[in-house]
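Read from first to last, the chains carry the letters A, B, C, D and E; within each, the first residue is number 1.
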Amino acid sequence: MQRIGVFVCHCGTNIAATVDVKAVAEALGHEPGVVISQEYQYMCSESGQELVKNAIKEQKLTGVVICSCSPRMHENTFRKAAASAGLNPYLVEIANIREQCSWIHKDIATATEKAIILGRTAVAKVHLNTPLTSMESPVVKRALVIGGGIAGIQTALDIAEAGFDVDIVEKNPTIGGKMAQIDKTFPTLDCAACILTPKMVEASQNERITIHSFSEVADVKGFVGNFTVKIKKKARFVDETKCTGCGLCTEKCPMKKVPNEFNMGLDNRSAIYIPFAQAVPKVATIDPNYCMMMKSGKCGVCSKVCSAGAIDYKQQDTFIEQQYGAIVVATGFNPIKLDKYDEFAYNQCPDVVTSLELERLMNAAGPNGGTLLRPSDKSHPHTIVFVQCVGSRCDDEKGKPYCSKICCMYTAKHAMLIREKYPDTEVYVFYIDVRTPGKNFDEFYRRAVEQYNVHYIKGMVGKVTPKSDGKIDVQASDLLAGEQLHINADMVVLAAAIEPDKTARPLATMLTTQMDTNDFFTEAHPKLRPVESATAGIFLSGACQGPKDIPETVAQASAAAAKAIGLLCKNSITCNPCVAHSDELMCNGCSSCEKVCPYGAITYVDKEFRMPDRSTKVRRVASVNPAVCQGCGACTVACPSGAMDLSGFSNSQIMAEVDAICK
Amino acid sequence: MQKISKSRLYELFDAVAAKQDLYIPTDREEGAAEYKKYESGMKLTKELNTVRSAKDFFFPQTENLAEFRLEGKNIEVKDIREECDDFVIFGVRACDAKSFTILDKVFLCEPVDSFYKNRRDHGTVITMACTRPAETCFCKTFGIDPTVPGGDVSCFDDGENIFFLANTEKGEKFVESISAFLEDGDTDKLMEVQTRAREIMGKLPLANLSTGNFGGDKLNEYFNSDKWAELSEACIGCGTCTFVCPTCQCYDIKDFNTGHGIKRFRCWDSCMYSDFTKMAHGNPRLTQLERFRQRFMHKLVYFPANNDGEFGCVGCGRCLAKCPISMNIVKVMKALEAK
Amino acid sequence: MQVNENFEPVIVAFCCNWCSYAGADLSGTNRLNYPTNVKIIRVPCSCRVNPMFILRAFQKGADGVIICGCHPGDCHYTSGNYFTRRRITLLYSMLDFLGIERDRTRLEWVSAAEGAKFAATMQQFTEDVKALGPNRRLEDLRCRKQ
Amino acid sequence: MNKNLKEQVLRSSGVNVLKCMRCGKCSATCPSYDEMEYHPHQFVYMVEKGDIETLMKSESIYKCLTCFACVDRCPRGVEPARVVEAVRLAAVRQQGGNRLEPSDIPALLDEDLPQQAIVTAMRKYAK
Amino acid sequence: MQEAMIKRAKELLADGSVDRVIGWKRGEFAYDITPAVFTSAEELDRDFVCDDFTAANVSKYLVKETQKEGKVLAFLKPCDTYSFNQLVKEHRIDREKVYVIGIEGGPKLDIEKIRAKGITGILGVRNEDYTLKIETIYGTQTMPFYEAVLGKCASCKSKKHVVFDELIGEDGDVLDSNRFEMVEKLENMTAQERFDFWRDQLSKCIRCNACRNVCPACTCENCVFDNPKSGIDNKAPADSFEENMFHIIRAFHVAGRCTDCGECSRVCPQHIPLHLLNRKFIKDINELYGEYQAGADTTSRAPLTDYNKDDCEPSIVHERGVE
């Protein structure tokens, strides 16, 4: 006979204000099998947990139902409490009477009635709960960092520092990411390359770090502590181990009309190229779309000039497979395409640029060697208009609904740098809001206004019109003056919204992690677990989780590293015992379940059975590897005979819940 | 004998149905007849017999026995038995009529099955003599004369009239109640029809099938016969034969949780099913061979052993027509007899 | 058809643990009201929902059944909701084939961030079921509340 | 935009209008708000833009009581009242005449007039 | 053909290629034919039959037969080969233990359709140039052959043998069948009409399980409806709900696996058109996820254990057909 204890939480007034908790406890006390039913102010508090523990011991409870907040919140708390009182933790069920009852309903009578039904449902389920024991699964002491920007580099360095091997997979020929393209950093205005490149070198020299540049993640299998990742090393047609990075090939390459992606296409590079001087690894890469040798078989200059003999036109994509205990995602961001914003004339006028393009225009390694010149006629611009929130905070399909967070600050930086270097330049910044939360950020922005006399105008630019004289008419609104302005500008800089890298979505699918509607990875908890994904063993670093500036990115990168290290430190981890299992006597061996298992957790074995008719028979039956199974339950429905069931969410438990609700 | 012209038959039905529920065999679809509660306009089937037997009237496929109400931790048992209303079944064939006496032996012996008895007490069975038997008929094997059917009232069709003959007190009461419709009739033509029907009976392909080699004393002879393996080989273990059989009377008792209480009901079970008589230790009959043997041994050996030689089959031929793999009692009898 | 104003449908919602259940929690956190008729059963993934459960709910007195899962592509288990989508599409199509009202069943993708969508979906679904009246075509008379 | 005028106003007020962050607290605190065509925050912004003449033509420059509430409460220390004063001064200088003679003042006095207003009036309107 | 089959079976038995033969055995009457296993030439000569009434699909018996020692010869009609293949695919039949001889298919006859014409006392049925001469106790009657053809043969989907070791007679082609006509007709009814249709049909169900037990896709060791642990076991259509439940779940369990062999409807003692439920699933699968024929091969992924990222949403149910 079951002895079930019911504990109803007031959650202060969070529950008690709309649910008559006394009535709930009273009603559930009458349910069959319930031997004790109590209510208390805060069940999750020390004393609340004591109450539960004492009841388990004194009443010799066989099951516990907590009517409280969401199980996503405190299920573990109460499971631990039960375990410490000697009750199997999986004999605890939570009735969610806060998020799914008291918080959404106003009428006390109906909310109480619903709370009783939810409690009754949990009691019905707990009747059928069985004690479950967790399995231990070993942890591979190696981490994978996907993305080699500042986030990935920082995470990898921290993990390596802690003594674990870590691999970086970077899709570009070099690590460095967006930060390598940035000229100066706010709010200190130190040069990005000066602080980034030492880190890149450090990463390349750290013997615990392996950098797979020009590589992509092709497949991910496994689970926390034991991922198997297939990495595709894209053919760069240059033998990485032989190339010395001397750069002779790039000089001699006759094909020099390739848009240089590192400089945002503002100048050209050769078909064989090293993205930038401080690239890591400093290895050339052949762009097969432009290489004349690869396209027509006529050239081969690079091969001739390479004394190391590193050129290999026949190189193929290769795949490597590696086990990892933890994976950190650091796939970063990109500015959005502005094709849809006709009003800003981005596609019509070369002097309308994005902020990232401006970074390159101002950078010493950029197309103009650090002198700010108009892309169109290489003249010095005298009036520059910055437009904020281009595509950010846009509720339509052209833009992004969120604030891109970094634009206010980099625009202040750009305006300030321009005013400092070229005091004869008038700089206008059109803004909706200026958002500067961050240490020394607002002071930075005020300096731009007060010290550098940047004209900040509240209001948006409505229309940008290139004129025949090479000038640009910027039509904007000045909301404070209540007037429409026309500025005769030489350049317009658009603070384009940023979006997650396009590779993130397929990666999320492979990793079985969640994304929000904007393709940012979703963290396990927005406040309490900001650097973990909901999938165990997958951590989030940098802008792939949401817009971030460099200091924040680095902070999160280290936090993600710390979480990964915490996992890698363990020799084994406890597996979720809520996994599928097959009743071998009923299994037909038809393989339906195997086909729907995303983890390959099901295999088939030929086993000898004593049949109900007392004969012995060798039959093919399904067998679930509980360490690999993640407990989704797809197999349970694919199985026609009902042999496959899921612990913790068994057919009978769910049907008991259905019955209790419909009663 | 008293008769009614066939042209006035439905008038009679209307009158009977006005006082109590009347069931007649009617066409559900082409070639498939079933008993239905009579309503004006309904026509009698031309089929020889219904797909399902008439046993449903007294022993329905499912029947509630008791109810338990759950209130918190308390259980209240409710007796749901109540007297049923009087009803009349018209058009029962001799074989089905005989099946009632077989079912009576099971349900009306001590302890009496009150549910069955209740229905039996309130039901009046009006039979109809056969004139056009089918090739699957072998009621004669079990001593049934289909031209003189039993029941409370026997009816005979001479082509133009239906004659009524009361066999029991209940039957007399019924005939009395419809006397306004009846008139005395000449039975010459009826005798002719009867003679012709008997002649056909003699010519049926199964006319010579006999129970001579079967009976209560044949247990040892047949139980271990090596014929069972071959006979049962093709059996798919469905319950068609049992469910269309007028004499199969096995049932299971189950509880159903309605959410606000428990309904305890009984429903037909089939000895052909793998979970029939399943007990804590498992099923006593482990293979389909044993289950198959059980059904036929019961009809041909065990039942007569316990019921003064009465066989558990009436030769209606339904299983011959309906078995998905065409295995049936006739084939079994012939195979067992063959030395 | 006569609409019973006082009819309060019983609605069973199967929510996957990772997205929709969290979405339901979020609508609670944001205090977004939806009818009390909706009672949620937590399942690890929408692919755990066996057609048996849906029929069982209707048998035992539910007037509407809704399944909520992660958006396609967002499944915590990679592919669970893709299987759900096929299974449930076919099942719903079969129920429709049997003449069961289409609006009694629904499948909706609700992410952990879509608290508002969850509440709005439940509101709408409850209204749709209410408009249909009590489940009569797929009910078990024995379970009908007296 | 008149650059000389703007410089004159900035110099005579001693105010750095760039410090303004457009919060509007000055106007929110101003007792003469309803009387003014241009409000204190607009003075600051228009001066920053060099739109001084518009302000000079406005009655608003005479409606400021110089109570200094805006100066006291500005979170950035912008001192809008000084800007208003500077614009008024610019206007006075351009006009070259007084708006009021000191002898006119007694007739305008009433019971409710605060002492401070009388003193500032003396300062503002007399030569 | 029967002679050729017996001859070949005897040869294969004689040379030890096979140990048993599965086929059909004649009965008491012209039509009551029973699937049977033959082990000797004498048995074959005496009882083996293959005629207009040998409609039963013997492939399911091979589940049991291949668990025994030795090899079995199976005569499979085109439709039976699909069931056979599907069972091989699901590892229910050991292909190595079966020697498959493909034989010509139907159309086979339905004795119930002859009876439905009011013909009774049937002693013999002869097909004379597609007119049936039916000998009865009450004299000889005639009816057109095609009016007595089994439902499953009237909407035959394929004359092609998808698997065989040898053929007796010619192999045919996949046919352009009209098998979805009735499903379409129902789809175009109103929901109320569909409900009424199915209520009328399914209320006839006596839960004899003939449909399930004959079905080659229903080879579960223990059916959920027989297993008290499943929580949905039941033995009788105690309520109209149970009738719906049984047939919906059964159709769902065989969805994507049902080869449309038509045995369910053939054996139903109550003439419930159960194949329509299966065909509805087949039609939906074909329309929504691409043409799929269960049993056509042994390697393809079944539609319900497969998916496409751009599969339609269940709301498609609202967009199609009639409400």
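By definition in this document, a contact is a pair of C-beta atoms (placed from the backbone, for glycine too) under 8 Å apart; a residue touches a chain by one contact, two chains touch by 3 or more.
Predicted, not measured: the structure shown is a model, and the values here were computed from it.
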Chains contacting each of chain B and chain E, listed by label: A, C
Most widely separated chain from chain D, with each centre as the mean of CA atoms: B
Result of counting contacting C-beta pairs for A-B and B-C, higher pair: A-B
Chain centroid nearest the full-protein CA centroid: C
Geometric centre distance via CA averages, chain D-chain B, whole Å: 112
Approximate Å spacing (C-alpha centroids) for the pair chain A, chain D: 55
Rounded Å distance between chain A and chain E, as computed from the means of their C-alpha atoms: 52
Rounded Å distance between chain A and chain C, as computed from the means of their C-alpha atoms: 30
Interface hub residues of chain C, defined as touching at least two other chains: 51-52, 56, 60-61, 73, 79, 83, 87, 140, 142-143
Per-residue multi-chain contacts in chain E, two or more chains: 224, 230-232, 238, 304-306
Residues within chain A bordering two or more other chains: 596, 638, 651, 655, 659, 662-663
Chains grouped in pairs wherever the two touch, ordered by label: A-B, A-C, A-D, A-E, B-C, B-E, C-E
In the complex with chain A, residue positions of chain D that touch it: 16, 18-19, 21-22, 41-42, 45-46, 49, 51
Of chain B, residues touching chain C in the complex: 256, 258-260, 263
Chain C-touching residues of chain E, taken from the complex the two chains share: 183, 186-187, 191-199, 224, 230-232, 238-242, 244-245, 248-249, 251-252, 255, 277, 280-281, 284-285, 288-289, 303-309, 311-318, 320-321, 323
Complex interface listing, chain A residues touching chain E: 583, 585-592, 595-596, 604, 617, 620, 638, 640-643, 651-652, 655
Of chain B, residues touching chain A in the complex: 70, 72-73, 257, 259-260, 274, 282-283, 286-287
